[in-house]
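The letters A, B, C, D, E and F name the chains in turn, as written, and every chain counts its residues from 1.
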Amino acid sequence: MKQINQLAPQDEFIGFYLIRELTVKQTNGNPPKDYFDIVLSDSSGQLSAKYWDASAADKETFFPMGLVKVQGLAHLYRERLQIKIIKMRPAADGDGVSLTDFIRSAPIRPVDLIYAIKQAMGSISDPEIRTIVAYCVGKVEEKLMHYPAAKTHHHAYFAGLAYHMARMLEIGDFLCKQRPFLNPDLLKAGIILHDIAKPEEMIAELGIVSDYSVQGKLLGHIAMASSWITEAAIRSNIDLASPKVLGLQHLVLSHHNLGEWGSPVQPQTAEAVALHHIDAMDAKLQMVEDALDTTPENEEWTPFIRGLENKAVYRMKL
Amino acid sequence: MKQINQLAPQDEFIGFYLIRELTVKQTNGNPPKDYFDIVLSDSSGQLSAKYWDASAADKETFFPMGLVKVQGLAHLYRERLQIKIIKMRPAADGDGVSLTDFIRSAPIRPVDLIYAIKQAMGSISDPEIRTIVAYCVGKVEEKLMHYPAAKTHHHAYFAGLAYHMARMLEIGDFLCKQRPFLNPDLLKAGIILHDIAKPEEMIAELGIVSDYSVQGKLLGHIAMASSWITEAAIRSNIDLASPKVLGLQHLVLSHHNLGEWGSPVQPQTAEAVALHHIDAMDAKLQMVEDALDTTPENEEWTPFIRGLENKAVYRMKL
Amino acid sequence: MKQINQLAPQDEFIGFYLIRELTVKQTNGNPPKDYFDIVLSDSSGQLSAKYWDASAADKETFFPMGLVKVQGLAHLYRERLQIKIIKMRPAADGDGVSLTDFIRSAPIRPVDLIYAIKQAMGSISDPEIRTIVAYCVGKVEEKLMHYPAAKTHHHAYFAGLAYHMARMLEIGDFLCKQRPFLNPDLLKAGIILHDIAKPEEMIAELGIVSDYSVQGKLLGHIAMASSWITEAAIRSNIDLASPKVLGLQHLVLSHHNLGEWGSPVQPQTAEAVALHHIDAMDAKLQMVEDALDTTPENEEWTPFIRGLENKAVYRMKL
Amino acid sequence: MKQINQLAPQDEFIGFYLIRELTVKQTNGNPPKDYFDIVLSDSSGQLSAKYWDASAADKETFFPMGLVKVQGLAHLYRERLQIKIIKMRPAADGDGVSLTDFIRSAPIRPVDLIYAIKQAMGSISDPEIRTIVAYCVGKVEEKLMHYPAAKTHHHAYFAGLAYHMARMLEIGDFLCKQRPFLNPDLLKAGIILHDIAKPEEMIAELGIVSDYSVQGKLLGHIAMASSWITEAAIRSNIDLASPKVLGLQHLVLSHHNLGEWGSPVQPQTAEAVALHHIDAMDAKLQMVEDALDTTPENEEWTPFIRGLENKAVYRMKL
Amino acid sequence: MKQINQLAPQDEFIGFYLIRELTVKQTNGNPPKDYFDIVLSDSSGQLSAKYWDASAADKETFFPMGLVKVQGLAHLYRERLQIKIIKMRPAADGDGVSLTDFIRSAPIRPVDLIYAIKQAMGSISDPEIRTIVAYCVGKVEEKLMHYPAAKTHHHAYFAGLAYHMARMLEIGDFLCKQRPFLNPDLLKAGIILHDIAKPEEMIAELGIVSDYSVQGKLLGHIAMASSWITEAAIRSNIDLASPKVLGLQHLVLSHHNLGEWGSPVQPQTAEAVALHHIDAMDAKLQMVEDALDTTPENEEWTPFIRGLENKAVYRMKL
Amino acid sequence: MKQINQLAPQDEFIGFYLIRELTVKQTNGNPPKDYFDIVLSDSSGQLSAKYWDASAADKETFFPMGLVKVQGLAHLYRERLQIKIIKMRPAADGDGVSLTDFIRSAPIRPVDLIYAIKQAMGSISDPEIRTIVAYCVGKVEEKLMHYPAAKTHHHAYFAGLAYHMARMLEIGDFLCKQRPFLNPDLLKAGIILHDIAKPEEMIAELGIVSDYSVQGKLLGHIAMASSWITEAAIRSNIDLASPKVLGLQHLVLSHHNLGEWGSPVQPQTAEAVALHHIDAMDAKLQMVEDALDTTPENEEWTPFIRGLENKAVYRMKL
């Protein structure tokens, strides 16, 4: 079975794919006829596809995020590869295919990522900080297994958020060793909490964000996480006036660094400065790595990357 | 007894004044002698003053924010009026003077402002919104009687914050009548809550802010008030997921309108848009009125006003 | 007769509508055939429509801004409702329909808006200010009956400009009562004059701006209104050096507040500061109200609104 | 008689100088004594000076912008050259000195500059444009003989404004020859009118601006000049709707290029684009030339120049 | 033979044109058929064209940047003129047509432009500066005959870069005469060198830039030219520490004036300030002239011009 | 001998200190007398000091950056600690004190820093990259032993530049292990080269920058380092068109990330993105650490730090 990124013009093929997007359109004819404008994907990439003469029954059968078995023909349309779907049916239980095989995903298993995060959480020596972090993680624990870190910006795939946390924890560990003036408890807590409300800010399935939630739009994940810390402290009988609560809320509130990037206050503790830079470093380098990975090996330049001053990245070969 | 703004060069006078600032300095002579560099004020304004040859006893007797009886001489120094203090003693109980007579203050009595705010609070028809507002007001009720609304920006005087709220409530009432699509409960609540955490963000005495609190610097009054709403809901058994909690937090979080002005989200409800404009209108017009009031009647231009694009205001006379 | 916003898929209908836009296009066939791509509207909204096989005669008969009687079929095209026009003829005198019934319009009759504006103008106590205002209003009086306040930004409908003025005058009245240091003559004059040149800056018909005039592009309504005040003063023998002329020109020139928003000077009188904030408050709240009104009741979010930091507004329901 | 820029430490000298600034100050002693803190200048530069023990009579005798005969001693104070004034008296009629010998001035005589400007004005072939230009020049003709072009920014000296105009006219002539698509009438008129209201925007004496006028602050020279064109057209019976009036107002209004630099509209005619660049080129190059001229020959770097991105200019020697 | 800009609807014509762009598309039919979407151009302008039913042979015959003989029909499509190609064949040697007759080109012959540039270069009196300039010109001499100055911004046509240099040299000559404090050697060298690396920064053919080179993207023409000066000095045994090398590199590095426009340092010598303003003046005025030239004479407004604050230019007629 | 940061009011002391700044001033008396306004420092901090009645011989004896033996008295002046110098003489050879004991310095010995840098350089596997890096390091090797990384921004002390490099190399090592898609040769080379021209951009002694060099101002360290790479390649017979030269120049040119921060191009390779974030992380965290170290332990807040959005850092204690 051919992966999406291995198809070439004039290939006829049969395989299983994910319908990532599906729109019913009509031909320009008189009378117009319905057809499907589809995006087919697997874990290697995605392609445009047409399914002509969609019947009423077809319209009740095929939906976005459904797995399908496709007989198709790859051809060039306006100089880009496109698929003409000849036959298509929904995948059935007996087909032995699973949605998660067809989506882009962090390179480490979610269960291992969660394990690493919990290890870090368990290693926080201050019990009150550990309790607050655990309370907040508990609110989204199930979603942490699969949520992306953002809609498109970075780590926008299955378990991307947990992957972002786990890698930041590694950088944080390194920095605490290199610079002992940093407080490891605060830095670990800040890394785990900084984006902890993202699963409630965004609506996502299979690592793909379809929209922001109402709460996400009206409050944003930064203010939400800050309120969760308040809630955690009250529920756990931790003094709201404690410097620990203050320190954790400051880490969360300031981690975007500037007001125009969404932070109502700027970093003013050593760990808050560190957190912002660890976050930026991991996000930007992951953007670069992901862009290079999903750009065909023979192309020198990736597409433009919004988070990198809208520049493309060059595949430097020495 | 002459008011500060009535003194003229060569006036000899006796009166009670407030020591707003006091610094011990030393003359350039060899050996240098100590003297006091003082700012004397009353409710009409303030002036620089010198108290030469300060003794060790004087240094234990006179402090900022103390009332004193002064025998002095007004004279010009570098073209500006200055006071030479000939004799000075702390005001005593029998003098019948009170600190509050000597400071700048809102033009309406604090007790009346608080009454107006409580009236508005009581007129909120939704009991949960009313409860949340009352809880938050309760946290700072005593300070509301005297806190300014800002360090220097606007309403920077005794009870300035309550005055700001009360006047905004008047504008809000007018707008709800003019535009019935606005929800009066939300708008009143938003007006009362938007700056409710300022008394904990700033350290003030007698209407004068000396500094921001640690919490004020690390969290800011916007995130603090948002967390107070969470706290109020939990303590009052109101569902944290209620649209009322969401609506109130959105009002508080968005009222500065832009990220670079400190709001992590932008106004996205009708009442949030209204709140921002009511806040701006009241603050800016009060800046203008206060600047004109404290500029001598015979001067055409006020000093530059930072909040008005750093422009001076012209006293237009037709 | 069904209103546009009541049509549902598969409705067959007959009714009168306005052709808001009409473009002659050609099918992709060989040879291509002409058809009309039309936007039909009434006061409740607008919809895309196709009129296939447009004849040469049709092309001489149907034009934008014409009223037509339509027999049509509503259907979904690319998931959005669209009209297929089966038959169509121009409305005739005997049909008893009038253009103004088919366009979006201020919620108050133009004649009442003009009356309110003239009342305000008549209440200006200073005769020279009143004369200048009257002269400028006189230049565009006829257009004030129907001009919008902007192309798309706000109050973009029939008599939108007069509606904007009338509502601002209400806010101005309130503020002058709340803050007696404001000069009512100047504030009323400022409100009436601030956008008075817009009818010459823009080319509009039935409340719809098709373009800016050459003068509008090269001078802008702010500089135009400022020159009109000069003209008014000369024609009425009012001293050009009078502080009244200066005060009025300052109000007009500064009302956009910042250079990047088109004001060559910033507000530097109390009334100029007030004018800017009244203008902003009325424009922004009207954007919100209009967006909510024209968004179907069952949708939570309005479209993005450029003038509100490009945010959508949430229909908060408590 | 020594020029200011020729004085060296320990020089004793007698000469005539201009009191550019004079402030009465008091020594720190007890009792303090009055002395004068003075800035003495001639056409070569300026220096700080002290006049100790100023008597009551002295305070009635010496004022800023007065010529004085000085017996003085140059010495170093805090590593900078300063003058101790030993004796001083006002210059008398018989002294044969004239204020204009003591101030910085354009390198060409005002009468010649005015002649060049009038020549250019006379060479405008369109009679209506010529009439409007002449009317506006007529309003400030006397002041054109001596006004600077700005307070400090550029050409800030005697007849600086006329010098700026005359040099811009030379560049304009060159450009019209190099690029015949430019209309010389419009370009000449634009050059002469663009800053024509500056003499009413600023209050200046002897080429030194002391302040902006009320009109200058509230309207700005750009809007003032635009209104003058309206006035000129009305007084000369030129149709206000003429493209000539429009073209001239556009030139004036747009010459600062951007809103944040004070232009309510951006250049949209060929001549308006040319005018902006001629203005910028002449102003910036004159800043450079003047900074190099007034920096001692042996210093490599001029002071920082605000109009040149706040950079210093290096005296490159090859 | 009709020029592109003379064609009118319903004209049938035969002539030679350049295929500026060619894309193979497919009709919406089932099965879809291939056709060519073409842009035809000559030196007077360009138009869209369709070539229906493109055969396999056609797809091997016709390519962008090829000259063709066309029999066609002009008609209106969506209100814009379009060409239906009836017959088409590649131009043959015997046709006597040459590519360079069909492209937009500087109004002066390349050979004359190069001559002017070399004259200026030869007139540099300092032998080391002259040597460095000659070395850098030598690196791109062949490309200078035809390269444009930019992709779309300005002088985007055959020999546009040489034309830009030649015209700037004229302005430079004028300025050196008007302001003798400028060093003509440095200014000439700066003009010739400022964009000298553009032919290596961009990939162009026939005056049309298809892309930036890898080096162009990763280094930019400013840093490239700066390194070329280093290279020139080393190869010519000129001291790298010489003020001449420093002065030339400063001219190149600073000529975009601001960091956000690509200059790592700001102009800090007289000639660098001059160079920036000469560059801006020539580029902007050429944009205006070219926009007016390529806009049909009967249209009042050019398209929007990105480099002119995205404004259109008005064809002012007096 | 007391360290500067251990002195308390009324301490009389004798010790060796560095004269960091010395200005000859004059008392306000008549006649004025010369005195020295001095900044005394050692490795623990610095204090203001006065040396009254400076004789002509004193003025020839004491200079900035000289070591002196001081007998002094610490006292409060305007609420800050100040030193009155009673006696003072230059340190002599026999005193056994050395300049380097009195200045602020990186916490690791320069020789060890240089060793670490050379180790990293030696571990570059590509011989051409290694050669280029070695050539550039060779140009400033002696200065690398003591130069600071900036004038005030960060690492502004003895060997600060080498310390910055060495710590960045550690982060780079960690990142290359965490993310194997990064090329270690390029990243090491980028870290060593990115600020390599700073010793020629700035004029420094003992870790203190007194000014920028002429070359530093006119070219900046970024363009200088880029040219050094050109020079290194030419001198070492490495092809200028090699991707290695291109990659190294891109790293240097882009490391400030944005044009407004001095980079003419933005990072467009993986290693360039990494380099920018390593640089920012090390610089910002060092600012925080240094600010906390030099703020007395009992103060909660450091001074404002320009490079951290001008915020102070809070000494969080849990």
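Just so it is clear, a contact is a pair of C-beta atoms (placed from the backbone, for glycine too) under 8 Å apart; a residue touches a chain by one contact, two chains touch by 3 or more.
Quick caveat: nothing in here was measured; it's all calculated off a predicted structure.
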item	value
Selected pair, out of D-E, A-C or C-E, that shares over half of its residue contact pairs with A-F	D-E
Farthest chain (mean CA position) relative to chain E	B
Where chain D and chain F are represented by their mean Cα positions, the distance between them in whole Å	43
Centroid distance [mean C-alpha coordinates] between chain C and chain B, Å	41
Approximate Å spacing (C-alpha centroids) for the pair chain A, chain D	61
Per-residue multi-chain contacts in chain C, two or more chains	28, 214, 217-218, 247, 258, 268-269, 312, 314
Graph class of chain-chain contacts, one of line, ring, star, complete, other	other
All chain pairs that touch each other	A-B, A-C, A-E, A-F, B-C, B-D, B-F, C-D, C-E, D-E, D-F, E-F
Contact set on chain D toward chain C in their complex	214-215, 217-220, 222-223, 226-227, 229-231, 234-235, 240, 246-247, 249-250, 253-254, 258-265, 268-269
Residues on chain C engaged by chain E in the complex (per definition of touch)	23-26, 28, 30, 32, 214, 217-218
Touching residues on chain C, where the partner in the complex is chain A	27-28, 52, 77-79, 300, 312, 314
Contact set on chain C toward chain B in their complex	126, 129, 167, 170-171, 174-175, 178-179, 181-183, 185-186, 243-244, 247, 257-258, 266-271, 273-274, 277-278, 280-281, 284-285, 288-289, 292, 308-309, 311-314, 316-318
